[in-house]
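Common to both upcoming complexes is chain A, partnered first by chain B, then by chain C.
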Partner chain A sequence: MIKIADVVIVGGGISGVAIAYNLAKKGVKNVAVIEKSYLASGATGRCGAGIRQQWGTKMNCKMAKFSCEFFENAKEELKYEGDIEFKQGGYLILSSTEKEHEQFKKNIVLQNSLGIPSRLLTLEEAKEIVPFLNTDGLVSATFCQKDGHLNPFHTTEAFAKAAERLGVEIYRYTEVKDIIIEHGKVKGIRTDKGDISTNIVVNAAGGHAQVVAKMAGVDIPVYSERHQILVTEAIEPILDPMVMSFSLNLYCQQVPHGGLIMGRGDEGEPRDLRVTAGWHFLEEMAKTITSLLPPLKNVRMIRQWAGLYNITPDRQPILGALNEVEGLYLAVGFSGHGFMFGPATGVLIAESILGEETTLPIDMLNMNRFEKGQLIFEPSVV
Partner chain B sequence: MSDNSIVCRCSDLTLEDIRKLIKKGYTTFDEIKRMNRAGMGPCQGRTCMPIILKEISIITGKPISEIAPGTYRPPVKAITLGQIVETSEGGGNEHD
Partner chain C sequence: MVRIDKHPVLEFKRGKKIRFTFDGKELEGYEGESIAAALHAAGIKVLTHSHELKRPRGFYCAIGNCGQCIMEVNGVSNVRTCIEPLKEGMAVKTQEGKGGIL
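Up next is the complex of A and B:
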């Protein structure tokens, strides 16, 4: 293991590898990523890996649009020999109340003003996209063809391999145990395989972000919550877009391989670091999805698992430097939508570490927004 | 076993596919599964897991007992979403 690094990144999920890649691309020589298990073993490898630009705040629309454009060109940029399986089948988002429909109208105006080609649909138009959609109880829909999903393992590998080619050292099966602080400044990290001296540490530890922050003596306002998901056997292609509804609390997509991946937020999930699978989720998921997409009744589900959402008070990530400890940066609190922001996270954190002007204004995502009371309210989340 | 013997029937993978990944440094069952879907099919890895663990052991020289086996995830047997709905709550009782 190296003894000295310019930057050490804790966590080998999409955020960690994207930050490492961007630092190396900008010429930073000694970058190390420390991952306690294998890459994408956290939320990244457990997530739906959907990306949508249909958001309700300017910031989120811009982060998602940036990332979507990155993924469209990822093959050339990252030169990955495998396939990241980016499928732009669109997101069909359904409203089931008048209030939600009103919000959708506002969202579309915002999205279109930022160059996002989304549109408001009647239920008849929604049925043209998904003919077997049961529209009972629904009001309207929005659709953006450029939204879609990826294979999260290969996307992470693609960033990791590109980063390694640029000289980044990735230590798998290595756990960060402590962060060494002297006089309010980062001096290094301690792992189960040895110590590394460094002046800059990035906390990209996903569901364990609060545990890693504690190592630097810092309390961050996040908690982790289990979210469950399942996959069916592979069947013929029947579903082009990701189907999602905030008010019905569900999402479902068919991946290129043929399996349908679906999830929903279950009530009363444990707020700890457990990632076991439960029966209650399965029942609720099966009921809601077969009511909305009836042909799925006959499809066999083959696997169920869970991952952690790392949640902030306003359900927006915390990005950037931490004022209390010099040299400590945060890329945490993605609140269930950090996969799609990965490319933007990578660029923005690299820029802020290097003191460059950031591509998107990330000041509003700094942790000090909670002290200042400047929370961001995103109306469109599951 | 020859290089083109099928190891994972669900995901149609040969021994060669598996050996390539092990040689590239993916030396646990879970990593191989995530790279090429070995064990992600309806059988949940019941056929391929022992073969893959053995192959990892041969190539890396580690005893099988030291190689992390894959995670078994529910359900044990594939079940339709419709059946789950029927057996939930009162539904299951009505059938008896």
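Up next is the complex of A and C:
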């Protein structure tokens, strides 16, 4: 293990490897990523593999659009020999109430103003995209063809390999035990495989972000909530877009392999970092999805798993330097959409560490927004 | 192919002899035994093919877990024939592709 680094990143998910790649690309020589398990073993690899630009806040829209445009060229930029399975089948988002419909209208205006080609659909138009959609109880839909699917494991691997080619050291199965702070400044990091001296530490620990922040003596206003997913057997293609509903609290898409990945949020989910799977989810998921997409009654589920949403009070991430501790940067609190924001996170945090002007303004995502009370709530989260 | 008649632990209670078809060809089996067992007794070893490389796949776990025996039965795809009881007149087919549900 190296003894000295310019930057140490905690967490080998999409955010961590994307930040490392961008730092190395900008010429930073000694960058280390510390991952306590395998790459993408946490929230990244457990996510629903969807990428969308249909958000309800300006910042989320901008980060999503930036990232989506990156994904369109990711294979070339990252020179990955594998397949990141990028498929732009669109996201079909359904509204179930007049109130939600009104929110969707606002979302579309915002998205279009930022160059995101989303549009409001009637239920008849939605059925042209998904003919077997059961529209009972629905009001309208929004659709963006450029949204879609991306394989989290391959994408993380693509960033990691590109970063390693540029000299980044990635320490897998290495656990950060402490962050060494002296006089309010970051001085190093302690792991179970040794210490690294550094003046800059990035917390990109996903569902464990608050645990890592605590090591630096900092409380961050996030909690981690379990969210569950199941996948079915592979079948011939039947569903192009991701189908999503905030009021039904679910999403479902068919991945290129043929399996259908679906998930839902649940009020009663534990917030104690556990990622065990529960039977209650299976029952609720099966009931709700077969009501919305009836042919799915005939497909068998294969397995289920769980991951952690690292949730902030306004459902937008916390990005950038922390005022309390010099040298500590945060890329946390993605509230369930850290994977799809990965490319933006990578660029923005790297720029912010190097003191450059950031590609997108991220001041409003700084942690000090919570003290100032300047929260902008994201309405569109499952 | 030989059927096991005597086994030190297991008992075989066979149903009556019935007819079914495999890819249109008429075969005989015993009612209530698994479709895969009846096919195996008839000498049919290739039940499906792998998705990516299209390699032949046959009777393997025999308890409905591995998915190496999925076939189309009476028009329904992805039926695990190792645990699906055989019935009179069943139309069993080799499945092309991953199977549809619509």
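Keep in mind that, in the parts below, the second predicted complex is superposed on the first by the 382 of 382 C-alpha atoms of A that agree within 3 Å, B and C clash if a C-alpha of one lies under 4 Å from a C-alpha of the other, contacts with A are read in each partner's own complex, and residues count from 1 in each chain.
Keep in mind that, in the parts below, contacts are C-beta pairs under 8 Å (C-beta built on N, C-alpha and C of every residue); 3 or more make two chains touch, one makes a residue touch a chain.
This structure is a prediction, so every number in the text was calculated from the model and none was measured.
Colleague: Scan A:Asn298 for contacts with chain B and chain C and give back first, second, both or neither.
Modeller: both
Colleague: Looking at the overlay, does A:Phe153 come into contact with chain B only (first), chain C only (second), both, or neither?
Modeller: Touch partner of A:Phe153: chain B, not chain C.
Colleague: Taking the superposition as given, does A:Glu236 touch the first partner, chain B, the second, chain C, both, or neither?
Modeller: So A:Glu236 only meets chain C here.
Colleague: With both complexes superposed on chain A, which partner does A:Tyr223 reach: first (chain B), second (chain C), both or neither?
Modeller: Neither partner.
Colleague: Touch test for A:Phe66: chain B only (first), chain C only (second), both, or neither?
Modeller: So A:Phe66 meets neither chain B nor chain C here.
Colleague: State whether A:Phe132 touches chain B only (first), chain C only (second), both chains, or neither.
Modeller: In the superposed model, A:Phe132 contacts chain C only, not chain B.
Colleague: Looking at chain A, does chain C or chain B touch more of its residues?
Modeller: Answer, by number of touched residues of chain A: B.
Colleague: After the superposition on A, what does A:Phe370 contact: first (chain B), second (chain C), both or neither?
Modeller: neither
Colleague: What residues on chain A does chain C touch that chain B touches too?
Modeller: Residues common to the chain A contacts of chain C and of chain B are 233-234, 257, 296, 298-300, listed in rising order.
Colleague: Any idea which chain C residues touch chain A in the complex?
Modeller: By the definition above, chain C touches chain A via 51, 67, 76-78, 97-102.
Colleague: Okay, in this complex, where on chain A does chain B touch?
Modeller: 38, 40-41, 45, 82, 153-154, 157, 231-234, 257, 277, 282-283, 285-287, 289-290, 296-305
Colleague: Once bound in the complex, which stretches of chain A touch chain C?
Modeller: Interface residues on the chain A side: 132, 233-236, 238, 257-258, 295-296, 298-300.
Colleague: Where on chain B does chain A make contact in their complex?
Modeller: Going through chain B, the ones touching chain A are 28, 30-31, 34-35, 37, 40-42, 44, 73-75, 78-82, 84-85, 88-89.
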